[in-house]
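Shared between the two complexes below is chain A, which pairs with chain B and chain C, respectively.
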Partner chain A sequence: MTRPIDSVTHAASDPDADQPYAELGLKTDEYARIKEILGRRPTSAELAMYSVMWSEHCSYKSSKVHLRQFGDKAPKTDALLVGIGENAGVVDVGDGWAVTFKVESHNHPSYVEPYQGAATGIGGIVRDIISMGARPVAVMDPLRFGAADAEDTRRVLPGVVAGISGYGNCLGLPNIGGEIVFDPCYAGNPLVNALCVGVMRHEDIHRASARGLGNLVILYGAHTGGDGIGGVSVLASETFDADGPAKRPSVQVGDPFMEKLLIECTLEVLHEGLVEGIQDLGGAGISCATSELASNGDGGMHVWLDRVPLRDSTLSPEEILMSESQERMCAIVSPAKVDRFMEICRRWDVPATVIGEVSTGGRLVIEWHGETIVDVPPRTVAHDGPVYDRPMVRPAWQDALVADAPTPARLARPGTPEELRATLMQLVASPNLAAKDWVTGQYDRYVLGNTVLAQPEDSGVIRIDEVTGLGVALATDCNARFAKLDPYAGAQLALAEAYRNVAVTGAVPLAVTNCLNFGSPEDPGVMWQFAEAVRGLADGCLELGVPVTGGNVSFYNQTADVAIHPTPVVGVLGVIADVARRVPMGFASAGDSIYLLGVTRDEFGGSEWAHEVHGHLGGQPPAVDLVGEKLLAEILATAAREQLLIAAHDVSDGGVAISVVEMALRRNVGAQIAIPAGIDPFVFLFAESTARVLVAVAPDHEERFTRLCAHRNLAIERIGTTLAVSELNVDATFTVELAELRAASAATLPALFG
Partner chain B sequence: MTPRVGVITFPGSLDDRDALRAIDYAGADPVALWHGDDSLGAVDAVVLPGGFSYGDYLRCGAIARFSPIMAALIPAAKDGLPVLGICNGFQVLCEAHLLPGALTRNDHRHFVCRDQRLRIESNTTAWTADYQVGEEILVPIKNGEGCYIAEESVLDELERSGRVLARYVGGNPNGSYRDIAGITNEAGNIVGLMPHPEHAIDDLTGPSSDGLGFFTSILHRLVSA
Partner chain C sequence: MSRVVVEVMLKPEILDPQGRAVEGALDRLGLVGVTSVRQGKRFEIELAGPLDASRRERLNELAETLLANPVIENFTVHVVEDA
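This part shows the complex of A and B:
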């Protein structure tokens, strides 16, 4: 049974046909607006295009009004070569090199189908990076799951990790870091974010635009199938009878081998200068790629949709337009260069098909077997979607949450040496602080041979130039408990931690990306959290002098009325002139002095201790100190350049105690710590005050380093020394063998996940 | 003349650049070779790099083994051309029957990437002459299907003839029989190795520079030949 084609002519002749716009997620006024734009009702293909391109995911309709701050408040910098709006921002890192990086969410698919959801999350972000003309050089995965011992976490986590491992390893990109966080708030809404970083020469930067009358539109990569068709199945359901192939996976299925070929093939055609414009196919597939390319270019494009090679010959034109089949790209190529383009595709066994051409007239026209099924101004699809300034209200419960401070009266604190030791052991073994080798040991961190630092280091560090040693450092962070207590401060604390994690390696922080994971924007309380977080992040970036180069918003991370903690994951990229001078996190030898930089205060709101020991969340997050963070970063960069540091490590989750343990376990070098006079031992060991770093300094560099800090008025205190014995000795309080700490830290994840 | 060592890129090869770099570090001339070519050109030795040739479809190495360039490589190897297969390259050599046995799914069913200690068991091959027998080295291992298996009689024969080249120490990462990390053919020119010496050529990007010995060994062999 075939359905008559709903062509433009047909739509004009049947203006009052009932259309399932509501089922496709369009509001009544949005549907009316489409009719107004077109001067008639949309065809079913046009309706499919508008519905998916005007979705929250593609149009950012609820977030746009807030995200503008990232541009409006951007610090002055010459480093930004391509700003927000392209597939990914591009940053100048010197010597003619440029770096592009971006983080994206694949949260909902990863809950439905953890393996494919996580795998295709990597695939999508990697194609964003190659679309800019860059060679991808590393990936990272910030991950968040429900409680570690929850039944569903045992389904979701191993699947997600296997998906990242299976897809990422097969692509040949080192996985250099990320996060693994457990919190009951993510039950039913795991966060699977994926970051990719790519490298190119300045002259290789490419844009997603279709210019030049008569230039050809080439679709290349995998054939188009029925996977990843979401809301459009509503249209499809009209097409097929009950026995038809209507039940297709709404989660896309990835083929990393094809993606690897696509990377190499794309870089070769870009390198030979064969491409005028390029765009990856991700969300909304051909609809998105054609409308964005046309809209960003001369404005006109003619597409013969029946030329698209299919995996499933029964697909309707609407489904072809919407399919999110993976591993596809779209290039604009001048007729003179098409033969060479095709030759390179053949060399890499990548199917390629001319499906259209750039035209005059400012219309995107799509034909299906001789009938025009789409005839729209592309800008109205790609860029002129609805924009909402949604209502927002500070939630009624916020005051009570903040008032519930973790005072000694509210939460019992350990006092005796035995209690302090027991608290340390409990935190070391807690799922959030325990060793993550069970996960990261499934990722290839060595491939490409330029990985200088990888997890569990504070940042991943990648060498860009083998001759000069130029490299980049990358870190992502977010303590969502802080953001729940105060979204404005929480976003700044996420920024501060990622910035600090880059700085401890000796790199100079340069640019920011983000992945803003929130609940429903239709909930005014969530919208307030979102607005506050964006405002905090934009203000923080301005103060630190690091621009936001791009990012991603993921809304609707909630089950019924219960949203996740606001989780603005922030990624910071830094540059290091010579990776040979990077500073690792681990103690390396006995007899080095351990210094704490920064000031410790009685700050436990949202801390790992309150969460793990008491299951408590309340009070204020630690004070934001961006002036302190900046000073710290400058001193660390100088000290690294002058090679004054043996090790440096950020102090954050779990406080000084956990940081010391991590530094000691990294290379199995013990330490003796003295609790400074005048501070409560518990506060000293476990408080999570920000703008603090621990460093190890060899005796012959101590004077030079402490003078450097004193000169800049940075608070610095010598708190201990590294030992020749494998133990952690906290003066007059307790001693723990490193072997015992290691066993406790290493056992947790394998015990949970096998 | 500086010896020329080729590295074959199959569709899905991943560690080809790393192998070329390691050859360069060792002082030989790295030459990129393409799976679709039917000649090896004028190379003095060949490395089959790690990766997922043809996406590991069917079986690891099973499709790459039929590439045009393998038709040139197989007879050359049988005639004594030094060949080193690393990880996926080892799998290709087994599929091509240039080495006995097979590599199967890790016993624990997960991909594993870690720094692994190995003990060198033979330094009479073209690729291990620069090591001492009994020497322990630290190199990365990273595989999902790295469990070396063979019939008992084959394993006994490999042991008896000194063709076990390296063994895992400090924990077997994938369940390989008799902790075997690498083997060689009777003539000692063809070597298969599951760990990645090309990822251990300097302390900056690897856990050590212990892996460089495989590449200096072949250089020294070719120079003295």
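This part shows the complex of A and C:
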């Protein structure tokens, strides 16, 4: 394939050449703006760069105007060392330690090729963390699929889970939590989000910028191939078009062993102070890394693109710029330190090549065999892309949805003991509430030896200092049905649940990340959902005093004009001074008192019961109570520090009944529950009111604990006792053997996925 | 008896980490001049009786859905013996 190089000179001499900007995902006015910036038509290489960097995925062009609220409404905190805008936010956790964490989506690639899509999702988020200078210590995966028994779910789920375990286990990172949710709204649009957390000393924080005239640009890691060319702009910007084979990119394939070398090599060159700036290569590959590094730095960079080592020698310069080959990084290194940098790369068996240098003049210039094929102001590529304040309209169906409340007249409720027992058994075995061991059993949860808690616990807890016992807790949550009913409240409820899941371990919630999965921003109804969710999350974070440190937006999760439920996945990170005092979820011994903290109301809108038993979604989600969440978290942290609690567990999906079952099954300790006077048994057992937690307290600590709660006016009610027999006994209502509950819970996923 | 061989290879543009690992090992073990290794799968299938059109069709379908992942792999179905 020999064709003339479309150089800058050539572009100037042939100004009216037809260019496939529309096929590359650019709108006519965006193409016109590129011409205006450059004062000529772009070369094909420039067009490739702009198209991929101005895609929704890279430029956040539809979300930017809303995401500003995370900065504008950020609560005052001393904990944030690096805020939004860098590869990942960095949080101070004390004793000179800092933690960085971020969650990203890899939804579309995982639908095309589940194994590699999910695997490279882990690879990408891990490189984000190492480019901040941190050592990755754990990953988590919030996953969402279509109906559990759907054909497509059977194709996608096993591949996704195998990809996560294949890559993460080879890399030697524990997978400490996440979510698995089934809902028909995700059919054809599974959500595969990946979170990574990394740890570093304060002095090791690094940022992505290219400074220092004459410093060299080094590309290191895997060779560049035809992986995912156009993947970012084509896959993330438009919906799937089955009849477009020409658009099908070649799937990126991950190599976790190369990534492991990249981690060690990168941490070593950073630790020796050999690097002025660093950036991982993910979506948009070299286009993204060079333009972002140059834009964040002194503003100029000269790149010799023909020096990039290739896996496939037939790649065109445009393809090299767009390639999303995995396991690559880009570093800015001063000439005096290049030899040492190269020596370290050689020792780790990591190929490294000088491909350019930092220059004056504020231009990003890229050469291909002596001809200039790119000459652009880097800011216009990386940061000053188009920004859209897209039209938003509250969907017409929203009122009817909210009006369709799950009242007793609308949805039949179980009343007799037999019906209540049957409801419990149905929910315990439902795909969303059933045991997830079939999935988490494929993940290495304890490698590295610092995992304190992992799934099915409420949070993953990792020890980061072996001497002091300092650790962090992480949880991700989102009930997208709540967000569908009310995106503002739904985002706050996702935040509240993740916050509570961190708090029950005894950790103090400190910072937030998010992965906002939505339909098409070009649909005013979806845009309204997005804006409401962002507003809700920003307001919620302000009220709880936890800043958003970064995140990711994934749009176009829809098939034709049917969007997924708005799914703002929220991750909360907390710190615990001594992991030896963390509180697990399971009952541990007979004779402990079980207390319910918080208030139960008749709240079933968007509940698991309405979804599973009636296939119903309507009404209002449970009331948000952030004041209550904060109080609860403070009391739980104090109680954990003073070692007053045997167990603590969040009450959410499926209500008190499901939480009690989970606490009992964890260590096979039975419980007797008394339904409090004055409340309907069904409401008590299954309502999903928020700001509630169940705790188990040993008899000798009861007085101190109840006094602590009373002192702060936290609603607390003793609802039962742990038993020496392996059964769940709901007073005067029904009894179930734990073995029967366990069998029902454990059978569901293996039956579906083998 | 009929014999069919199905060969499955990653598409040329797809990264083959296993092939790369073998390539590195060959070099370390002293084989000079190795420039590329690609690793694939070979299925030797024996069937009783002749291959009529419908069995051939079903075989091709299963090669595409079970034996190979056409998103990242190419495959060939080769009838060695048809009796």
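Definition applied: the second predicted complex is superposed on the first by the 733 of 754 C-alpha atoms of A that agree within 3 Å, B and C clash if a C-alpha of one lies under 4 Å from a C-alpha of the other, contacts with A are read in each partner's own complex, and residues count from 1 in each chain.
Keep in mind that, in the parts below, a residue touches a chain if its C-beta (ideal position, glycine included) is under 8 Å from a C-beta of that chain, and two chains touch if they have at least 3 such contacts.
Nothing here was measured: the structure is a model prediction, and the numbers come from that model.
If you put the two complexes together on chain A, you find that chain B and chain C both fit without a clash. By the touch criterion defined above, A:A743 reaches neither chain B nor chain C.
Set against each other, chain B and chain C touch different numbers of residues in chain A, with B touching more.
Of the two partner chains placed by the overlay, only chain C lies in contact with A:V251; chain B stays clear of it.
In the superposition on chain A, contact of A:A22 is made with neither chain B nor chain C. Between the Cα centres of chain B and chain C, as seen from that of chain A, there is an angle of 60°, stated in steps of 10. Of the two partner chains, neither chain B nor chain C is touched by A:L213. Of the two partner chains placed by superposition, A:A403 touches none, neither chain B nor chain C.
Of the two partner chains, chain B is the only one touched by A:K260; chain C is not. By the touch criterion defined above, A:V393 reaches neither chain B nor chain C. For the pair chain B and chain C, the least inter-chain C-alpha distance in the overlaid model is 5 Å. For the contact definition in use here, the residues of chain A common to its chain B contact set and its chain C contact set are 255, 257-258. By the touch criterion stated above, chain A contacts chain C in their complex at residues 112-113, 116, 222, 225-227, 250-255, 257-258, 311-312, 325-326.
Within the complex formed with chain A, the residues of chain B that make contact are 11-12, 14-15, 17-18, 21, 36, 50-52, 54-57, 110-114, 140, 142, 144, 196, 198-199, 201, 204-206.
Chain contact summary for the complex, chain C toward chain A: residues 10-17, 20-21, 69, 71-72. Chain A makes touch with chain B in their complex at residues 162, 165-166, 169-172, 255-258, 260-261, 347-349, 437, 440-452, 463, 466, 579-580.
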